[in-house]
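What follows is a structure written as structure tokens; I'll ask about it next.
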């Protein structure tokens, strides 16, 4: 079951560069594991923005929310979710 | 080079059901050929809306515009394009 | 799995009162069957608007889209869907 | 008399994790008591957001405002209310 | 129990001046009766717009929706409702 | 001459509870005197929000601005004004 | 007492060029008389749009609404009004 | 060549009342000189807001930007510019 | 003096393909002459939309409005103009 | 391949004038080198705003994102990108 996400990162001003680098390293690891398990079907940078579009393939809304709230940077993410269904013109 | 599209279909009221069915059949054929060639990397229905999100993998903006304006239903599509770049956390 | 819907009805001007009454009768029947099966967990009129908020309890995005596109008045509905998860403060 | 609420939580940056945990514990208790009394007819997490949709069943606007302003986290909630009426297609 | 309404009138282009005048006459009568009964506590023209702000004093959301949907011009009104509570600074 | 106002209160985070209570006490006194003089024809809390809708009955735009900028909490108010005219359906 | 207006012209598609020319001629005459009387203190075309910004100097909201609704093209104007007060930095 | 400006003042919270008063005094002087030279053709307070609408009569976009960026409070102004042309109905 | 334009084309439904082709041919000729004279400094298609961004280099707002209103398709164009000034980082 | 950018600068309040001047000097150098290489085809100040519109001529979305994220002030820029294609009326 597919969902499109748009995530915008908004770090508070008090974070140090070290804290940000640590968040980014943990984010990359978490994101990688989600991609290897297939729960995250793709992630792309939005050109010019500290934001991404990503695709999630999950069993339920609860599973999706658990995955999203598990992101290390979750407190600093503004996330908008669009539920997707199979398109009749899709060949897959 | 990836682009995310959102396409909303808005048929004018004067079209007959036969005309609409014909548009949809030609749209499906065109969409299928784009997917087989790899130019359209995915298409999903937005739940509850006569609209889709789709991913395009093309060489240039001009190629993307040529593909989009080739859709049989192009005059009735409202299209918004978001250019995407590789995400540093992507494992692909 | 719960989803909140907002549906706005926008009839085209060429429909006759008889056609509208027929749509409404079939809509009521379809809506009733969805409520009896539990797929529609509730429906309320938005005060002052030809619109409703409704709750759907379904297994997947595809099922939800199939239900929504089955509404007799679907071509005249503008639908916006919000996916819901269990709230930690819910006692149910 | 039903109302749909959307509540977005926006904590100010100076709160400590302990203060936030205390707010959340008191919020849960208050929310539970409202659900047991029937004044809150349901609450759901909006997937990916620190926000909820909830349903209130109250006698008056004044009662609703008193309930809402009694939330421990009320100063940090952005609340939008939609008044609901009985829908003619509802079977309840 | 007070509600603020904003109503915008949007007549479809096919109505004749006679039909519009008839709607307006019946609207005035209905509006007058609501004011005499106290259910409509006030109505003002928004300067420069075919729109009004009005105040309703009713017992319930259902009563308000019944009153609003009883307006002769209801099919041509776009209505937005804001529920109001007693203000602590009000001297009434 | 009537105007509808919507006022949203946005206190800066550095104010102490004592300062806020002092502002609120002075606001109540000022608001009461405006109501007794008839310049403020009504004030209502917007349900769920730290905001009000109020009606002003004044001689000119300059008088209205002087009244509004005299509110003790004026620096923390976001105010939007809608000029109102007599409605032809009003019975007053 | 000054008000800023923004007026957008939206002619319905069924008007003939002759009808439009007639509207424009009467509009020009009406606009000229308002300028000569001083009630309209200025009018400017918004570059690239069939729209204007204009300044009105009137005694009351009711007078302003009467003036605006007297425009020959009033049924085809979308008007937004901003009430203005004397600015402390104005040298007039 | 005329331009309509809307300027909203947003002082950062760290400014002292003395600093603000100093900004306002210098702003008034600068604004007065622009009015005396004719580059600023008018300025009005927007009722209820710390904002103004003003008219500028300048030779070029570059001159307008130089004038605007010369305001003492420029770093704290949010400015939106609308280019104006002569209106065919203007009698001037 | 530079201006950025965004123009969206919205043909009314009653135009025939021949009428549209005629408009487009005349538009192309007019656009070409503006580019050769230097008044239009560039024009680009917005990918996926029947719209363009274009740059104009003109002497005044009045000249720009005259140019824009001279487009054969002007009645069907929705135009938004942004005035531009020299950027301090520009090397030209 | 052309892209239109709009960039708004939003410095955080804690930066000193020296830090800002340093950012601006490095920004100017970077911007100049992009213009000399042809990757930035133009840059203009938006009148009255700390913002620019600029044109980029690049080979790919990835190259554009690399260029944009290389701006010294990138953390303080809000950037919106519009992909452009060749316009059929362009004479270039």
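Every chain is named by a letter (A, B, C, D, E, F, G, H, I and J) in the order it is written, and numbering of its residues begins at 1.
Just so it is clear, a contact is a pair of C-beta atoms (placed from the backbone, for glycine too) under 8 Å apart; a residue touches a chain by one contact, two chains touch by 3 or more.
The chain list, named the UniProt way, goes like this: A, B, C, D, E, F, G, H, I, J = Muconolactone Delta-isomerase.
For clarity, every value in this text was computed on a predicted model and none was experimentally measured.
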Equivalent interface to B-C, taken from A-C, E-F or G-I so that over half of the residue contact pairs match: G-I
Which pair, E-F or B-J, has more C-beta contacts? E-F
Separation of chain D from chain J, taking each centre as the mean of its C-alpha atoms, in whole Å: 43
Whole-angstrom distance, CA centroid of chain F to CA centroid of chain H, is 27
Return the distance between the CA-based centres of chain I and chain J, expressed in whole Å. 23
Would you pick out the residues of chain B that each touch at least 2 other chains? 2-3, 45, 47, 61, 64-65, 81, 83-86
Residues on chain J engaged by chain A in the complex (per definition of touch): 3, 5, 12, 14, 61, 64-65, 68-69, 79-81
In the complex, go through chain H and note every residue touching chain F. 13, 45, 47-49
Sort out for me which residues of chain F touch chain G in the complex. 1-3, 60-62, 64-65, 81, 83-86
Contact footprint of chain J on chain I as seen in their complex: 2, 4, 27-28, 31-32, 35-36, 42-47, 52-53, 55, 82-92
